[in-house]
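Structure first, then comments.
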Amino acid sequence: MEVVSLRDLERIAKQRTVKDMWDFIDGAAFDEVTKRRNEQKFKELSINPSFLVDIGSRSTKTTILGEEIDFPIMIAPSGGQRQHHPEGELATARGAGMAGTLYALPTASGYSIEEVANVASGPLWFQLYHSADDITENLVVRAKNAGYKAICLTIDTPTAGPKEKDLRNDFRRVSHLHNGSFRDNPEWASRRDIGPRDFADWDITGFRGLTWERLGWLKSLTDLPLVVKGVRTVKDAVMCAENGVDGIVVSNHGGRQIDKTLSSIETLQSIAEAVGNRLEVYLDSGVRRGSDAFIAIALGAKGVFVGRPLFWGLSYDGANGVKLMLDILRSEFDRTMAFCGFTKVSDINSSAVHVPSTWNF
Amino acid sequence: MEVVSLRDLERIAKQRTVKDMWDFIDGAAFDEVTKRRNEQKFKELSINPSFLVDIGSRSTKTTILGEEIDFPIMIAPSGGQRQHHPEGELATARGAGMAGTLYALPTASGYSIEEVANVASGPLWFQLYHSADDITENLVVRAKNAGYKAICLTIDTPTAGPKEKDLRNDFRRVSHLHNGSFRDNPEWASRRDIGPRDFADWDITGFRGLTWERLGWLKSLTDLPLVVKGVRTVKDAVMCAENGVDGIVVSNHGGRQIDKTLSSIETLQSIAEAVGNRLEVYLDSGVRRGSDAFIAIALGAKGVFVGRPLFWGLSYDGANGVKLMLDILRSEFDRTMAFCGFTKVSDINSSAVHVPSTWNF
Amino acid sequence: MEVVSLRDLERIAKQRTVKDMWDFIDGAAFDEVTKRRNEQKFKELSINPSFLVDIGSRSTKTTILGEEIDFPIMIAPSGGQRQHHPEGELATARGAGMAGTLYALPTASGYSIEEVANVASGPLWFQLYHSADDITENLVVRAKNAGYKAICLTIDTPTAGPKEKDLRNDFRRVSHLHNGSFRDNPEWASRRDIGPRDFADWDITGFRGLTWERLGWLKSLTDLPLVVKGVRTVKDAVMCAENGVDGIVVSNHGGRQIDKTLSSIETLQSIAEAVGNRLEVYLDSGVRRGSDAFIAIALGAKGVFVGRPLFWGLSYDGANGVKLMLDILRSEFDRTMAFCGFTKVSDINSSAVHVPSTWNF
Amino acid sequence: MEVVSLRDLERIAKQRTVKDMWDFIDGAAFDEVTKRRNEQKFKELSINPSFLVDIGSRSTKTTILGEEIDFPIMIAPSGGQRQHHPEGELATARGAGMAGTLYALPTASGYSIEEVANVASGPLWFQLYHSADDITENLVVRAKNAGYKAICLTIDTPTAGPKEKDLRNDFRRVSHLHNGSFRDNPEWASRRDIGPRDFADWDITGFRGLTWERLGWLKSLTDLPLVVKGVRTVKDAVMCAENGVDGIVVSNHGGRQIDKTLSSIETLQSIAEAVGNRLEVYLDSGVRRGSDAFIAIALGAKGVFVGRPLFWGLSYDGANGVKLMLDILRSEFDRTMAFCGFTKVSDINSSAVHVPSTWNF
């Protein structure tokens, strides 16, 4: 049995991927302290099983902003999919749909908003990098028209937080494999306010004007729910709740934007408690097992996202590989539910997780 | 001196065992976090000696549900013994008897309940995997008739918790080396409700109906004491006490069923305090030294079980190897008693163990 | 891109430097526990970002004892620069000035107080090893006349705290590359009270008379501000405040003087709280990233110093290498400010840093 | 410079010593957890320096039970010295005297009580393994007559706590190199109550009758002070104080008797506080630096002992090597005093040491 866990997919993907591309996928900012912390802190948490309970009729289904998905593990928006695999975001969207979950398409997609919508069978979100007014409005309106279910605004890139391996490798994103969202507007290519392109151009350009006040304007562009991705503190989470945001992704961008922040899982519980029922809380950064998703949900998340694993799945077998990756996570999540005696996702609660006394949040 | 401690037996057994079988014995679920934690947490505990006490006439004898054994370290029910060594459970039973302690025969034994009883000189328990009514009743009644002293029901396998090394190795249990309990009922072989067989078949089949309510029916089958194995939380332990269970094994199945649960030794003290004198508490998972057994008893256990070490003993010299393994543990346990100034097992208490302040239970 | 972070400069410098010289630069006292602790404790701290804030017009400028510098990362006084690189302190002073920050010239400089002043474009401090009255007075008066902005008295060398690698290597400082401060007074060479020379001579000679009472005499020699370097405890910090000192460097000399003391960053916050506004607090020992500087400032420092990295910069490209090293730190510091939502250095506060609960100060 | 610290002596000794003998010296009981913990816990403690204090006239002298020694680091009683080096205990006694400190001669000495006394220039203690009445009385009276200053009774060997490397090596103590204390009484050789000889004989023989009540008889044999070695808990320490003991050595026998006890340095402070001024407290187990001795004294010890390092010194150069080893420790201790601003040993107190919050005693 070649592939048992995501670790097998990771190993195989690493063998198949050229070093610079692998570093782009796998690397993180500065000394990669946060990346390691993301996984380490999950390891410090333990699960409390509960036996002799009837778990025969359990279900992993849940809803995300009202959309039903088969299990609460979704695909995070991650740039570079088409540079990694020719079918890129199309394959990822197909795989997510086949597995029965949600896919968040990144702004830096190699295929257009509409192309991806055409092949997707599951719910889609559109991840937005804030940019100039006309560009931002264009993207939001097109996502709405194409049937996307939410706008997911990334807030944790106020400036570049270099992935030093990319700099040492002089890694270059191939433009036409990242600008699917912009392809229909060729004149934008010469503008400097277009948002994230190559490393040297990132600094400030697209993000300078993105402040709490700006959220109101964004919300005025569409009636789609607004999800904010990149929340790392109670303070920012509460600000989201107070500014009418519908959901937040507790995320440190997989450690790829500024190093030495806390892991997502460490901060999750205090954030979830602070915002209460005012918005839905999700988590990414460090999820590698279905049990990690279970733990996050026990500590307050409505669902979780995985990023790097989607590239491993693509390497393994395109859309089928993405589906396989998600199937493994779903199976592990289901088993963890079984061992802890839960039959519904909404019943999972913090009694099922042991948090070490040395965590102070 | 070739064999000084169990670590020598382990080393020798590993040399003599083919890789796939070794992985089956040694491996654990998923990332094997719990397996490592089982041993790590024992290392974090320290012993408080007490000197200038007369320990010349000390004894390691104790009783388990009224049966006297020479020392409080017993053999856990572990499937696969006959596949590992041709004499399998017969040798283990002989070795346990020669050493003066109790052996818990697993449902997945290569020899029948009666065959093992015929060669055993020490007390026996029968470990039960819950299955269909007729099968369960058959096993329980036969164990009673064959002179077994208790039924030890395993509860921590509500679904499969894969040992990934076995999956990667495509390891197969050889049926006739595991179905000694069922051999006299050949027609059972075609039934799907027979309980744990191969990995793909495990899921739910045998365990779906095993709930707290079911314990009453089980108890109605026999007047043998009922021991529940696989308790990992105070909640489940208290439920056992309230449901008339006679003993519980605080166990995470050696880390072989669901990963990332707490170590047994971490949870022992709070469980023992919660159940008080309502039932006897035992522990397995991580015991590799007589001092580990001493620590567990100091923190509330009446006795402990070892699992993987029985395979090491079998590898070394069949029944004699099992006896040697137990003799080493007894000697280490005895020395620890001597160093801590105890002359009776029942005097051992928590003042003899230092628990780090970072443990929070 | 060859040089991305200080780690690249360190790696390159190590390749280019003969082993004994490298050990002199890199080594620390006794078992080097404190040296490792300096970096380890920085790793245990985390940064709390703050997004959706307008950080477009931020500035890294600050003032140190009233002198404006472009960013709060300065060069610590470190002996041996001229033995490491022919341009030594001249290159370092040039590099610091080009980068826009302050350089603290060591007593054990290979070039004279005046020679360095002639090439420096940024503010200078003069680091003083206490010695006989006439020598001390001569150095202080010359520094004042040459335009230095403060006297920085090192207090943490009451006796030698051997760097054992230097002893095992029989490493010898080359006199004429370390005695630039004394070169114009050749008759001093035969005196034993001249302060730190070679290891065997260090013990006590120059430092015996340096006590809290002596600070008054020192202050009477000049109207320059007096900074005390080597403060490691609240007690010594409060004594500085009560004795009219203008600034203190919380420092363990990079672990080079006595081992097994706490890291600087551990003790910083309690020291800063204890002295309040009575003097300025700086930190050295362990700063390798701009984020480390940010953390120190959040916990109470007005600025930080780097020592070993100046040697890495010199190795790489003399003054330009020193400037490059500082530019990298400035950029990292600026990015950290941006991610945490600060536009002024003086706004940075302890809410931006997460301190583990296991730290007890 | 070949030898800078004890680590150099250790390295050289290891090169010069046959493996089995090295294992005998270096090894510890069972898994050697306590041996590692002894050194690890010293590493977790930090020193708080104190500068700008006049430390020119400081002294490392102290008194142990009224005897003045030049510095508070002494030589622990350690069997096997003559098997390791032909001059054995004679060389150690000479080295200790040349360095200006105390030597505790072990019962298992290769030279007699009187032979050692004849060559010693420093104070001596006689370490006693309890045995039959006539033997015990003979040893105590001879020690008194030969000018020894105290009887140091070892209590932490109620039974054997095997050093497994010795068992695996089948290491044998050469009788005539260990029975110097008994050589003048050849008829004792055939008696089984003679105390520790080879491993198989240890169990109980000599120690069965050694209880708190027995201490009174021991004290009646002589007016020499009685020191008890092997105290590991507050309970035993208080019992010593209540039974008229003059001094205790907080010791875990270097981890050589029963494993998994706490380190000596962890328990020291609570023991010292519990006994107050009723007796003197010393420490061994883990001292490898003069700073370790300083820390122990700050936390309540009057002095410390080193064991394994004496073998390293013997290997290096007999008596001169022992002296060199002690000189290094004295120098390090003196430097630590200087850095912490102490001029007298009796001034050293707990303010000079930082204990982590995770230690709970």
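Labels A, B, C and D are assigned to the chains in the order they are written; within every chain, residues are numbered from 1.
By definition in this document, a residue touches a chain if its C-beta (ideal position, glycine included) is under 8 Å from a C-beta of that chain, and two chains touch if they have at least 3 such contacts.
Note that the coordinates shown come from a computational prediction; the quantities given were computed from them, not determined experimentally.
Because chain B and chain D carry the same sequence, their contact can be compared by residue number, and under half of the numbers here are used by both. Chain A maps onto chain C through a rotation of 90°, based on Cα atoms and reported in steps of 5. Ranking all chains by how far their C-alpha centres lie from the centre of chain C, first place goes to B.
Chain C and chain D have CA centres that are 43 Å apart. Rounded to whole angstrom, the centroid-to-centroid distance between chain B and chain C, based on C-alpha atoms, equals 60 Å. Under the contact definition stated at the top, the residues of chain B that touch 2 or more other chains are 358.
Every pair of chains meeting the touch criterion is listed here: A-B, A-C, B-D, C-D.
Chain D contributes residues 30-31, 33, 37, 155-156, 158-162, 164, 167-168, 170, 204, 208-212, 214-215, 230-233, 235-236, 239, 257-262, 358-360 to its touches with chain B in the complex. Chain B contributes residues 1-2, 4-5, 7-8, 43, 45-56, 289, 291, 332, 334-336, 338-339, 341, 354, 356-358 to its touches with chain D in the complex.
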